[in-house]
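You will see two complexes here that share subunit A, one where it goes with subunit B and one where it goes with subunit C.
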Partner chain A sequence: MKPLAQYAAIIVGLVLLGTTPLYADNYILRTAATVAMYGALATSWNFIGGFTGYPSFSTAAFFGLGAYVGTICQRNGIPMGVAWTIATVSVAAFAALLGGIILRLRGHYFAIGSIAIVELCRLIVSSWSDLTGGGDGLNVPLIHASPDAVTRLFLFVMLGILAASLVVTIIVDRSRLGFGLRCIHQNEDAAAMVGINTTAYKIAAYTLSAVFCATVGAAYASWTGYIDPTDSFQIVMTVKVAVMAILGGAGTVVGPALGAAAFVLLEEVFWANFIDWNRAILGVVIVLLIFFLPGGLLSLRARLRRASGGAA
Partner chain B sequence: MSRQGFFRSARLALMAGGLATGIFASVPAGAQDADTIKIGAPLALTGGLADEGKKQDIVWKMWVEKVNDAGGLQVGDKKMKVELIEYDYQSEGQRAAQLAEKLITDDKVQFLFAPFGSGHTKIVAGVGERYQVPTIACVASSESVFDQSFSHLFGTLSPNGGMTTAMVKFFKQKFPDTKTIAVLGRDDVFPKSMAEGIAKAAEDGGLKVVYKELYPVGTMDHAAALSSIKAAKPDWIYVTGYTQDLILARKQMQDLGVTAPIVTMVTGPSYKEFTEGLGPLANGVTSSSWWHYATSYKGQGVWPTTADFYSDFKAKTGGDPDYVHGSCAAAGEVIADALKRAGTLDKAKVRDAIAATDIQTFYGPIKFGPNGMNLVRELPIIQVQDEAIKVLAPADIKNADMIAMPK
Partner chain C sequence: MSREPILRLEGVSKTFGGLKALTDVSFSLDEGEVVGLIGPNGAGKTTLVNVVTGNLRRSSGRVLFESEDVGTQKPYEAARRGLARTFQIVQPFPAMTVLENVTAGALFGGGADSLADARDKARESLEFVGLAGFADRPAANLALAARKRLELAKSLAMNPKVLMLDEVNAGLNSSEIDGALNLIRQIADRGVTVLIIEHLMKVVLSLSKRLLVLHHGQLIADGPSAEIVADERVVEAYLGQKFAARLKEMHHG
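Up next is the complex of A and B:
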């Protein structure tokens, strides 16, 4: 995709989601916010999973930690925005430290290690009852405003995070860092040989993949008003985000967000209309998409062009 | 067009079509019937809580059918049909909140039924509170769910506090030699509060707590905890958790030779899956429950007596109802009664009418305390004997005497 087309696609997408309050009800707004939320998560995953080619499954760990740090700050009287910032910074620092250890693993071993992080975080959070309330979970002070205002606020917050993650993606994509990460993806040893500091690059990618997840987690906690270890550290979420990114096109700029949008909308439709069969249908759709479109939804354009004899 | 080319285009058309349906079908269907009462229920029909979700599903459908067969619910001078709108939230809290919002804004429901479990009840109640839609919770018994000063959340279960003190008293009377208790609890809203509750009640009742630990959600091995319990030689072992945890714990107790004159598992025997899963091993295990079909309550609503509900349920499913069934069916009666008294669908009036509920039903009395929770009442203590559930207390519904745990 050419840069100009990329920017246009991003702006159209954000405007499309951002204008929903003008005509739609709160349910549509919430769906739009969910699209933005998963869009930000999938775009984050793209740094490590897409550019670098390291199959990370730590998304839910960063999301959950963000939610807990944000909530604990808010419960101690720190204003919402500041709490989100603290959550973001501290989880990023945690990811950088963790990255230094876990990125020594490669391939399947890394994938398993990164899943273990989610479980580990869940166990620690649920055992540390004094701080986290353990299995009881924590209540976040509810925002006292009309439901319309609350939904709108969180739609814009999620959109803001999505936009930020996309901007960072564009910067990385066009910078030396993005180039280096792609080299690591193709051949890590060769990349090291031509003078790329692979460890530092990988840690940077891993940290970037955590930053926005933490902000999303903290914002989500303020939105729902209640978090507990089981819902905050969900393996399902971690897998879902990776599927979304692959669905849209891993390693591209707009692909992951597009994949998230498609996935959330499909989910929404099947859940609402096929109460007994939703999981089966969704599974079939994912299998079909990955089977017929291994390059993700973005490769649809190239295919269309070829199908119509290159005229488009 | 070449064969390959045709397939390629067909595939593309298929996929594009699929996506387009996805996008357009999410536009809400607008028109709503002004003559129906809509009740929304986000349910866990798949995922970890699916068994419990299906129980709610079945009794609510039974209740709605019964109400509509009788012409509907009385609101003022007319009868209105009831429509139940259910969605599967897959045991994921985030989705529960989303579907609750969909039910309120999209399907325009006037009431919500909260899903199974204290945690997800909290999440759904948060959405209901924001939109001021009355939410009836039938399977949340932890007071921590009701302590957030939500004014639109009402629960039909009594506080679990009522279960512990009465049990300590009853067991001490039946087995005066009981001096020590070991408590093993699941670190999750309800099981944890029961574990904390029993430890406190036991201490207040003069027992010594020789062991008390919580195990994290998803624990697949209780051997270490059970060995410590064995070493402490308690007179009473009290384990909390959900069916799978407790089946595992009971089996491991057998393997490790851990036993005591009294073994209590909560919620264990309240669910028939527990006795089915354990067979003879379940014998002797005691528990408490919020409701049992052996009770004989009389009251208003589509099922005037407990026996009526039991026979309807038996005819419909072939099985015996447990407390989830009873409590959830009673949640419907709360709405029916409130609408009759309010005589209108006006939000604020209906809420006030629910808050003022004071009725007798087949499930027992329902009257909400200031926090929205059903008031404390005497709850049944049960025991598995010959693989069947017997009621030990309270005295007026008891159908068996307590036995010691078989060796």
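Up next is the complex of A and C:
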């Protein structure tokens, strides 16, 4: 996709989601906010999973830690925005430290290690009752406004995070860092041999993949007003985000956000119409899409062009 | 007094558990020299290159590059210092174009200021090895000979001071080898110090005036090529009596 087309797609997408409050009801607004939220998570995953080719399943760990740090800050009287910032910065630092250890693993081993982080975080948080309330969870100070106003606020917050993650993606994509990450994806040993500090680059990618997840987690906690370990550290979420990014086109700029939108909308349709079978149907759809469209939704354009070129 | 050698190994050993891959290897390369490194399979030639470029850490001894001890460097640091290498099995970035492959070398190893600058340097480098026409093709689509040239272009874009070529001619036919030989000569003419690992004696002898011979991880000979090929130990360890006799005939006949 050409840069201009990318920017256009991003702006159209953000405007589409951002204008829903003008005409739609609370349900649509919530769905739009969910699309933006998963868009930001999938775009974050793209730094490590897409550009670098390291199949990370740590998303839920960063999300959950962000939620807890933000909540604990807010409960101690720190204003919401500041609490989110603290959550973002501290989780980023955590990811950088963790990355130095876990990124020594490659391929399947890295995938397993990164998924174990989610479980580990969940266990620590649920055992550390003094600080986290353990299995009882924590209440987050509520925002005193009408439900519609709250939904609108969080729609714009999630959109803001999504926009920020996309801007950073564009910058990385066009910079030395992005080029280096692609080299690592292709052949890590060769990347080191041309002078890329692969360890530092991978840590940077892993940290970037954590930053926005933490902000999203903290904001989500403020939105729902209650968090507990099971909901904050979900293996299902960690897998879902990776699937979204792959569905849209891993390693591209707009693909992951597009995949997130498609996934959330499909999920909504199947929930509404096939309450008993929605997970199974979604599963089949994902398998089919990834089987027949391994390059993601964005590769459809190239395919269509080739098909029409062949017919002419 | 002569200048300091650009690369010097002092008593370098490398062991893998109980296996001694390199034992007490010492030699030095002067700036601008072209030196051949020969020896039977498993003698430790590639291990030696790996130790110099930081892919493996030496067990003991010193590796000095421009008089600086670089024994504990990482591969990316070696690349930035100007110690470039090619691999026996070519290592491209397969899904990237030929130009992007070389640009990576210029940007990260060659210290280019920007992506655009790196791309310019990459084009020059491709021109030099004769791959300019393939710049926009995916690296994976190249035939073996072209892929070896790509490796060379990538290494050259890194502005190397020392270039270690690990069997760049293996698997090539004789006209391709002649092309590669010309290229290596031109690289040496630029003042790059070249260490060439090679099984084909024709190639080694036509390029280098000096040879190093490894056998069972030990450096058994180091000297002018003509003397080395006549050395009894080298004949026994590597060349074989028949081939040595033929070489002698070539030299005297």
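The rule is short, and it goes like this: the second predicted complex is superposed on the first by the 309 of 312 C-alpha atoms of A that agree within 3 Å, B and C clash if a C-alpha of one lies under 4 Å from a C-alpha of the other, contacts with A are read in each partner's own complex, and residues count from 1 in each chain.
Assume contacts are C-beta pairs under 8 Å (C-beta built on N, C-alpha and C of every residue); 3 or more make two chains touch, one makes a residue touch a chain.
Since the structure is predicted, the reported quantities are computational estimates derived from the model, not experimental observations.
**Student:** On the A-aligned overlay, A:V287 touches which partner chain: subunit B = first, subunit C = second, or both, or neither?
**Tutor:** A:V287: touches no partner chain.
**Student:** Just subunit B (first), just subunit C (second), both, or neither: which does A:V82 touch?
**Tutor:** Touch partners of A:V82: none, neither subunit B nor subunit C.
**Student:** So in the superposed three-chain picture, is A:R176 touching just subunit B, just subunit C, both, or none of them (first/second/both/neither)?
**Tutor:** Only subunit C is touched by A:R176; subunit B is not.
**Student:** Is A:A5 in contact with subunit B, with subunit C, with both, or with neither (first, second, both, neither)?
**Tutor:** Neither partner.
**Student:** Looking at the overlay, does A:L16 come into contact with subunit B only (first), subunit C only (second), both, or neither?
**Tutor:** A:L16: touches no partner chain.
**Student:** Who does A:T198 touch here: subunit B (first), subunit C (second), both, or neither?
**Tutor:** In the superposition, A:T198 touches subunit C alone.
**Student:** Using the superposition on chain A described above, determine whether A:N273 touches subunit B (first), subunit C (second), both, or neither.
**Tutor:** Touch partner of A:N273: subunit B, not subunit C.
**Student:** Does the superposition put A:D189 against subunit B (first), subunit C (second), both, or neither?
**Tutor:** Only subunit C; A:D189 stays clear of subunit B.
**Student:** Going by the contact rule stated at the top, is it subunit B or subunit C that touches a larger number of residues on subunit A?
**Tutor:** Of subunit B and subunit C, more residues of subunit A lie in contact with B.
**Student:** Over in the complex, which subunit B residues touch subunit A? Could you list them?
**Tutor:** By the definition above, subunit B touches subunit A via 5, 8-9, 11-12, 15-16, 18-19, 21-23, 25-26, 28, 45-46, 86-88, 90, 92-95, 97-99, 101-102, 104-106, 119, 122-123, 126, 129-131, 142, 144, 148, 186-189, 191-193, 214, 216-217.
**Student:** Could you list, by residue number, the parts of subunit C that touch subunit A in their complex?
**Tutor:** Listed in rising order, the residues are 53, 55, 74-76, 79-80, 84-85, 87, 91-96, 103-105, 107-110, 115, 154, 158.
**Student:** In their complex, what parts of subunit A are in touch with subunit B?
**Tutor:** 25-28, 30-31, 34, 123, 126-127, 129, 134-137, 139, 142, 147, 150-151, 220, 224-226, 228-231, 234, 236, 262, 265-266, 268-269, 271-273, 275-276, 278-279, 285, 288-289, 292-293, 300, 303-304, 306-307
**Student:** Looking at the complex, which residues from subunit A come into contact with subunit C?
**Tutor:** Spelled out, the residues of subunit A in touch with subunit C are 174, 176, 179-180, 182-183, 186-187, 189-198.
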